[in-house]
Amino acid sequence: MIPERWLTFAVLVGLLAVALGALVMDRPFTITLATRATILALAAVGLNIALGQGGLVSFGHAAFFGIGGYAMGILAHHAQTFTPLELGPLTITGTKSMPVIWLTAVVASALAALLIGLLALRTSGVYFIMITLAFGQMFFYFAISWSAYGGEDGLSIYVRNDFPGLNTLDPIQFFGLCFTLLCLVLLFAGRLMRSPFGLALNAARQAPERVETVGLDPMRLRLLAFVLSGAVTGLAGALFADLNRFVSPAMFSWQLSGELIVLVILGGVARLIGPVVGAIAFVTLEHVLGDVTEFWLIWLGVALLLVVLFARGGIVGLVARRGHG
Amino acid sequence: MSAILIIEQVLNGLQFGVMLFLMAAGLTLIFGVMGLINLAHGSLYMIGAFAAAAVAGATGSFLLALAAAMAAAAAAGALVELTVIRRLYAADHLDQVLATFALILIFSEGTRWIFGSFPLYLDVPAALSGPVTLPGGIDYPRYRLALIGAGLAVAVGLWALTQHTRIGIRIRAGENDREMIAALGVDIGRLYTLVFALGAALAGLAGALVGAIQSVQVGMGEPVLILAFVVIVIGGIGSIKGAFIGALLVGLTDTLGGIFLPEFFKLFMEPGAATQTGASLASMAIYILMGLVLIWRPTGLFGARA
Amino acid sequence: MAEPLLATRGLTKSFGAVTASEDVSIDLRPGEIHAVIGPNGAGKSTLIRQICGGLTPDRGTVTLLGRDVTRMGTVDRARAGLGRTFQISSLAMEDSVLENAVLGALGAGGTPWRFWRPALASADLCARAEEALEKVGLADHRHTRCGDLSHGQRRQLEVAVALTLRPKVFVMDEPMAGLGAEGSARMTRFLDGLRAEAPILLVEHDMDAVFALADRISVLVYGRIIATGPQEEIRASRAVREAYLGEAS
């Protein structure tokens, strides 16, 4: 068993090494796979703030992923068609600037998380699961019905958005951008876990009545965790849209919400690096098994069943002991 | 907008509602008795539809197809209960969600493996095809009217089962106190398998009945499953009565919202924008309804108060 | 006579046909330990929940430090100075002893709305937590995972978390539950000294502890207080003997 901190470091170095190795061997597709894993990892790290630390089983995180995606899609669409975006009295021009898009994605998904959280957190347990699932589906149908932005067909963005000083069309540069964001968010999530807020949030998951009797409101802790969680997943959505240069209602689908939970559990819930390991494993499986059989999801299902029934703690739980301090 | 159109849409809403009830009743029963959230309930709906389409294709008999749908779904439900689900009763909800999500993957991809990705079609039986003329001169599809009747019949049957039979008494006792009824010598394992199979059969029936007016394809179950969740959140977990009222509310809201909201916006918007806004809002109407119920009563209309 | 720090007046709560509390009036005065005893099902838990928040009475009031807190939630009552321990230890089992104590310090003096610096790097929070752990004798176990503590140690930690709040009033739900003879004796000595800091409303089954500690005793039977008074009075009361002690012996 190795300490968790070393594992975190090793996994990130490994991910970076794969991308750099692919660059040297001139295999851009592998870089794209590594980017995909990085972005999914970011989304799952976001979910894990709510799920792992807060104990909130959100089956609707695709909502935030999709909102992040559509924030990118809508802004870039207006920029590429040179049409202003009219929001009542407000007129905004579109933009191709990644920082602006990211900020929009984060704010929009945080707001959505606040609204959904205010409603869903009035309940707990199974109700919470069903309600987040339902609200995720609401966004899915809304996106389908919203023909101004492509409806069911989605929106294509012709050229990847810009980041000052970088050529984002170069796979390795775009990977570097996503990877940096993942590292920053992991740093933030790691600090969060040990901060006063994280301590209280984790206690609210384990012993909510205790948290109340020391004068802290578990509901407010959970609400903020849900908002932070949604914001990070929203950021990942914006990157995912930029990776594919395409957004569609599929980003809101319940399957995606389920897959995000699977990433977290497969890697190891409540571990900092768990979701990253889960995302890497998922993308690898998808790629390797997807080559062998069209029906690889069956095997994912079987693997997941085995993990749930026999190996709680996920991959990280098998190889690393839990770090304290 | 004519009265005929309104009545037609109300009937459509009722038809949609009673089919949702068949799904929601099983889910809420399983949750009430075993405390289990079953995401794979949509797969059982799909299994019912596929079994019906296969048997109808082979024999031409719609009744046989319905029987096959219920039998196949019940068998799949019992099998899953015996192998996987019963290990999950004591587990937390996250484990239940994950394991049943895994079951969806297995069932969906397995079905795609066997039947392929193309949709199958199940024909409305000849005796029920064509319209029927209702009082007031409204032509309405005979089959959809039959669906409403079938749904109501199942609702009455379920009510009678839970209120007036020995097995129903045991089910209700199981909701309240599982140790007690185990102590009284009821085989709780068999009771659970039975309840699960019953819920599965209802889902399979719904899948077959709806399969005749929509196409039968992989992934057909989950959208219905999620709507059934909305129904349960509105009605209150564990309450069959709540599931019934909730299902009708959701069915009517969804159907009528799609018709009336665009018309409503046309009163003060230009037609194109009104249609767009109305359609978008209609797609969210049932979730807004759910949100309002949550603000008013977080445990649903008929749920146990916290 | 000193003004009571905690008082209930005419608390009544029914669940359907069952009346769990009926016209319950109890006082807790400065410096005293007031024990509430009663047979199983007498309504002790219901009473505690009405006093600590989490259950609103049908009728009657709860007053804490002169303020009417009947409609207040658990969180606000804790902030108003109510320290509570649970019958079944309610602790963050995955976290260390120190982290559990720091949680109390967060609620009392600190704020949970800080996101960057580790909680355990805060000298203020840790000092407050360590002080409480020292008092209950758990300082040596500060880095032990709470789930690895013995049952008795968890009971001590339970009290330590309440101590970090520096409450004005303690409400303790069976702090002796599950402790052996030696553990009970130690806890009894500890609570004996604690009354100088804040009075304790002690709901307890362990009669040795009750008679060793209580300045006054109230006897709760079927949701009603049938007697309140000093130990001798309660021991002598015929009603109490019939309803409670008679059964017990």
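By written order: A, B and C. Residues from 1 in each chain.
The working rule: a residue touches a chain if its C-beta (ideal position, glycine included) is under 8 Å from a C-beta of that chain, and two chains touch if they have at least 3 such contacts.
Everything numeric in this text was worked out from a predicted model, so none of it was measured.
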**Study point:** Shared interface partners, meaning chains that touch chain A and chain C
**Key:** none
Point to revise | Chain whose Cα centroid lies at the greatest distance from that of chain C | key: B
Exercise for review: Please indicate the chain closest to the centre of the assembly, with centres calculated from CA atoms only.
Suggested key: A
Check your understanding: Between chain A and chain C, what is the gap in Å from one C-alpha centre to the other?
Key -> 43
Revision key, fill the gap. Per the C-alpha centroid definition, the whole-Å distance linking chain B and chain C comes out as 48
Practice item. List the centre-to-centre spacing of chain A and chain B in whole Å, with centres computed as mean CA coordinates. Key: 31
**Study point:** For the chain A and chain C complex, residues of the former touching the latter
**Key:** 191-192, 194-203, 206-207, 209-217, 221, 324-325
**Study point:** chain A residues touching chain B - in the complex, by the definition given at the top
**Key:** 51, 57, 59, 119-120, 122-123, 125-127, 129-131, 133-135, 137-138, 141-142, 144-148, 254, 258, 261-262, 265, 269, 295, 297-298, 300-302, 304-305, 307-309, 312
Check your understanding: Once bound in the complex, which stretches of chain B touch chain A?
Key -> 31, 37, 39, 84, 87, 91, 93-95, 97-99, 101-106, 108-110, 112-113, 222-223, 226, 229-230, 232-233, 237, 276, 279-280, 282-284, 287, 290-291, 294-295, 298-299
Check your understanding: How about chain C: which of its residues touch chain A in the complex?
Key -> 52-54, 73-76, 78-79, 82-84, 86, 90-96, 99-100, 102-104, 106-108, 110-120, 122, 125, 143, 145, 161-162, 164-165
